[in-house]
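I have placed the structure first, in the form of structure tokens, so that the comments after it can refer back to it.
Chain nomenclature is as follows: A, B, C, D and E, assigned in order of appearance, with residue numbering initiated at 1 for each chain independently.
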Amino acid sequence: EIRIGASVSATGPAAFLGDPEAKTLEMLVEQINENGGINGEEIALTLYDDGGDPNKARTFATRLIEDDEVVAIIGGSTTGTSMSILSVSEDNEIPFISLAGAIEIIDPVKPFTFKTPHTDRMACQKIFEDMQKRQITTIGMISGTDGFGASMQAQCKDVVGEYGITVAADETYNPTDADMTTQLTKIRNTEGVQAVLNPGFGQGPSIVTRNYRQLAIDLPLYQSHGVASDGFIELAGAEAAEGVRLPGTALLIADQLGADDPQKPVVDAYKTAFEEKTGTSVGTFGGYAHDAFLILTDAITRAGSAEPQAIRDAIESTSGLAGTTGIYNMSAEDHLGLDLSAFRMLEIKGGEWTVVE
Amino acid sequence: MLTVEGLRSRYGRIEVLHGIDLHVDSGEIVTVVGANGAGKTTLLKCLSGTQPVSGGTITFRGEGLTGLPAHRRPARGLTQSPEGRQIFTNLTVEENLRLGAYLFTDDRVEKDMEDAFAMFPILREKRNLAAGGLSGGQQQMLAMARALMGRPSCLLLDEPSMGLAPIIVQQIFDVVSGLKALGVTVLLVEQNAFGALKIADRGYVMETGRITMSGAAADLIADPRIREAYLGI
Amino acid sequence: MTALLSVEGLGISFGGLKAVNDVSFTVQPREITSVIGPNGAGKTTLFNMISGVYQPGSGRVVLGGEDVTGMAPHLLARRGMSRTFQNLQIFQSMTVLENAIAGYHLQERGPVLADLFNLPSSRRRAAAAQAGARELLARVGLDRAAEREAGNLSYGALKRLEIARALALSPKILLLDEPAAGCNAVETEEIDHLIAEVAKSGVAILLVEHDMKMVMRISNHIVVLDHGEKIAEGDPASVSRNPAVIAAYLGTDAGTEAAHADG
Amino acid sequence: MAELLQFLFSGVTVGAVYALVALGFTIIYNASDVVNFAQGEFVMLGGMLTFVCHAAGLPLPLAALIAIVVTSAIGVAMNKLAIEPARGAPVVSLIIITIGASIFIRGGAQLLFGKQIHSFPAFSGDTPLRIGGATILPQSLWVIGGAVVVFVGLWLFFTRTLTGRAVLATSNNRLAAQLVGINTGFVMTLSFALSAGIGALAGVLATPITLTSYDVGLAFALKGFAAAMLGGMGNPKGALAGGFLLGLIEALTAGYLSSQYKDAAAFVVILLVLFFMPQGLFGAKSTERV
Amino acid sequence: MKISAKSATLLVLVVLVALSPMLFPSGYYYRVGALIFVNAIAVTGIVILTGYAGQISLGHAGFAGIGAYACALAPVHLGLHPALALVLGAAISAVLAFLVGRPILRLKGYYLGVATLGFGILVSMVLNNERQLTGGPDGMEVPELGLRGLLRDAGIDLTNGQFWYFLCGIILILAAWLALNLFNSPTGRALRALHGSEVAARTVGVDVARLKLQAFVISAVYASVSGSLLALQNKFITPDVAGFMHSIEMVTMAVLGGVGSVLGAIFGAAVLTLLPQVLTVFAEYEQLVLGLVMMLVMIFLPQGLLPSILRKVRGKDE
């Protein structure tokens, strides 16, 4: 038996991330055990819900390592919880794969810490690349004040200059706000704004999108990968969401992937299984957990051992591994292993995701 | 009309009524006198149902009251004017009186209210003011008036004369005597034992949770022990 | 003779009602000055203004030569004023003893840090207060109830506890609002003696009470209020014979009773 | 001008939601002096149950009705099972019970309904109304109308009916209430039913705008509580005014100062108001003589 | 010899802190123990404010936030040793409590509740929004306290978990000792008196405004120290520490355990800290059970766990 631990935010303000992650991990463990486990050993998953509270996450990390004696940890749905877990896992030399966005988690590189999601920065870069192509030079931003939104807002403002774009209006909303017409009106009335970018997750972006339509703003609207799932279209309404662009992963366009796409098999398999099991549509975040688990099991298989040190070494040598998010190539300098190509710029047309090219 | 047998009651583990026996006949005024802490208030609270009974029985008009919640007793005709007045401080004087007649919706409510105002004219003056702003004595009058609004057939009065000016004390005792004429039965707890015994038919003396003496009011007034211990004469 | 307390033209209104209007009188040390009057005459309100619970609308309160009009109660307490309440104000969840000790606050208070660290100075202050409090409880007959939770006492007992707490301040002037309410004739007499004794020890006493026997027996001086105004003032004998007072307040019965006690 | 108008529209829309939640607080508070921190969960249940029933194929009005009735029943159950057995407990203990109830209801909703965010169609479509260059959604008018209607109803209830006064009497002095024959148990049951019903109504009206999920209750409770305190707890007038005021402050701050600190501005205003009016705008000063 | 409630409480605490480790099967239990102690320190402050003085605060996490971020920021920006940063945080909290307390402590009941709530929210909003300084919602790292190394040099080699367990345990005992001293001291009595009746307290000479402020400041320092210890222990801190939920948690712990008594409140902190750890076995049902437990305790033990249990044991049931 190989003991693996996980601490995700299955409830609380980040449940939007943690819930699909928890479900994904449980499902994958079940699948792998049905197929005889890894190297003939079953996997025992201990999964805790840290509710998005970094303090709890640290306690659970301690518990996983000291009490449950796991050989590796997946989790940390948010940056805060990930940072809390990693300081424990590094101390105890247990490999940890984070599911959170911030670049600080793996930069500077820490020996036992890895992560699967692209960084916020990459999402920003992808979006700005697209804007550049459309000759957009002045934008307005409206960001959620939750960790996800705030972090991406900062990263975007950090790299925006590299694309010759200026942020002329910079507004925020709280994750529980009910109406964003005020902020959007301000952005609309700002001189020269050619497009609007909305980093955020949860219901905020849906409301922004609806208010956008209510105010009949006819500038391009960009959302973040935080809302990359079918649920977003449903909530915002296909009509309001028409034309919205965002950087997404292969998961959302599984049926549009070419037969030769290396990600196709893994994306298809995950999507079918998840949607069948939970009755809800797949999203980016569940995909992160899927990839973390994939990287971990792949590493254990290759290492032929369930020793933490061996697993760590094997993870670091992951190469060409196709996940739902992208193709992972880890190295001693890069504990993420994704590049920009993992993101695809998507646009909602007629209530469906389409690839912009 | 009201019969109490072997009544016991306790606060927590401390028993303060150790088996009280008393009865009040229809149309009678009966008074209970006793020192501070004797248990008079506790007795009345047991009767009105706001204090749990741990033993004995209370029979009112031939029916046991045990287990009947406090709020259903006024409907049976048993009404209390409690110690410490317990008025609705945030409501107006008039609202207090109307709530006194909470169980009735007929026209008599208005008439009763007029009667109450006639009895205590100051209440009419203050009818639209919050009762909490009344002076102590005015509140006491309100408590009495509110109890009368409930059209009791048996009225439990806990120190109705407390804090009242002598002239009003007189009036209160007159009112209580007048109730007798209307056929209302009264159980009166008073520190003004002299005044109470003067208008009462019978009296009980209570000491540390027990009835130690009882008899016709006139006899009690004359009893030297009572005169010394309670009347201070 | 200089008065300890003098009230000069004091007045206050509540939404148009002149609850107290232009009332003046003085209170001497060692004397018991009673304020009587019908219900709602403004006696308690007068107390509330003198003791700083209400801000007077007009007039002055002078205590020991100092103008203390509208001064906060805790500052008045430091200047030797203490009072009881008509509507009991007991520290319900504290023990009877602790209630009495609270009366010693001014003597026992000290730097909060000393209290936090339980320094000897803090312990000394507390111990002194406790000894005093026990004595006082004995004086009002509550020593046996010292360790009980105050909220569990009967009404009459609470009245006496309030008096004990007020005495704990070793006041120069003591305001008593109906101290005998809820006590029978015999108990009233005990309170009587207590008050007289306190007055004799040099304290000025201002008393509100409806028990005319008591008032007439122990007062040196009586002020009569009606509808917020002073309608009479004088010694017990003259006041109890005053027809205006009898009409407004005493009624015939009590009037004779009072005169009887007086005679 | 159009800009200001748009901010105002945004303010009253959000304010009406706050007002509805705040109005829900008043009844239970008036009956028991307890601020029911589970009030937000009633709002959540209103939205969630309507969604579930609607998704199951029921017409929207029927779904909403069911949601309100079921939520009222849950309110009554909460009173019977959790509040009434604790009668006589200190108010803080009762508050902790309501917090416990709110966690419990949230936990239950999470199990039953999952963690997805949901919504249902607006009652009168999504086509915005244009007024003076600004736009407002028809659903906003529903919410505003709902707040006003509930306010008028409550106001009449408390000032014109004997039952309304019995509710006030119960919180003012429970013992005395029993002595005049008020069934205080029933008053509490009624209060919880009404409060929960109003909460659910808020959820039904607001969800097409705010969306709903199992955990929206807390935010509603917090804002509703703040609004009710700003206006003066217990007074329907205060709840209405407090709600709208809070919404407007937020919108205008976001519009003219900083969207980041709009909630901060709201609380600064509350602190300022309380500094000068310690009972809120319309709160009754309790008259307790000494 | 009759042993006073104070000595009994302290004795129980010392024994528990010292002997519990003998039952610990793994290092994880030290972590939970340390967390209990950290929470208990804040909750002891609530006992002083709410239990003694009867004032509600729904924003005390704000002070915990100040304590926590002082330890994160002061070493970096001011070059202070983290232990001194803790002291600095406590001082800032005290000053802030003094300034804020003045105007808002005039308010009563829920109005004080909403005002303190506002204060807490303002603090957490600043921590969330001033990203350059605080790292925003993602939080920031906190420097190592460094004391453990010193101890090791002195020959006492503790694991990280053990170190924090004993450090927080000792500070808790100290905090409890102070609070217990206060209870029966003149100041404590005055606080409890104003809780009972403000007017009466005033007329016996209690400067009510000043005493409330003292209680508020002291409890703020408790919360601040608790926040600092949490930050130093976790070596990473997010604005959650100052959040509304944390404030509510403090009050809940105190009331659940028995807000009138120090030991009760500490017991409450222990129960509510342990509960989520135990409830992990219920997975999905965790919230449901947590809410249920809270309700049941308050229904059946309305005075709080410990006081109600003690009452039952002594037979003074009510």
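The rule is short, and it goes like this: a contact is a pair of C-beta atoms (placed from the backbone, for glycine too) under 8 Å apart; a residue touches a chain by one contact, two chains touch by 3 or more.
According to UniProt, the chain labels map to these proteins: B, C = ABC transporter ATP-binding protein; D, E = Branched-chain amino acid ABC transporter permease.
The structure presented is a predicted model; accordingly, all values stated were derived computationally and were not measured.
Listing every chain that touches chain A and chain E alike gives D.
Identification of common neighbours of chain C and chain D yields B, E. Within the contact network of the assembly, the step distance from chain B to chain C comes to 1. More contacting C-beta pairs link the chains of D-E than the other of the two pairs B-D and D-E. Of all chains, A has its CA centroid at the greatest distance from the CA centroid of chain C. Rounded to a whole number, the gap between the C-alpha centres of chain B and chain E is 49 angstrom. Chain centres here are Cα means. That of chain D falls 31 Å from that of chain E. Each chain gets a centre from the mean of its Cα atoms; for chain A and chain D, those two points are 35 Å apart. Mean C-alpha positions place chain C and chain E at a centre distance of 42 Å. Residue positions 110, 260, 263, 288-290 of chain D are each in touch with at least two other chains. Multi-chain contact residues of chain B, defined as those touching 2 or more other chains: 11, 133-136. Of all residues in chain C, those that touch two or more other chains are 44, 53, 85-87, 89. In the complex of the two chains, the chain E residues touching chain C come out as 178, 181-182, 184-190, 192-193, 195-197, 199-208, 214, 218, 260. Residues 288-290 of chain D touch chain C in their complex. Of all residues in chain C, those touching chain D in their complex are 44, 48, 53, 85-87, 89. Those residues of chain B that touch chain D in the complex are listed here as 48-50, 69-75, 79-80, 82, 86-91, 95, 98-100, 102-103, 105, 130-136, 146-147, 149-150. Residues 11, 33, 35-38, 41, 83-84, 122, 129, 133-138, 140-141, 159, 162-170, 191-194, 228-233 of chain B are the ones that touch chain C when the two sit in their complex.
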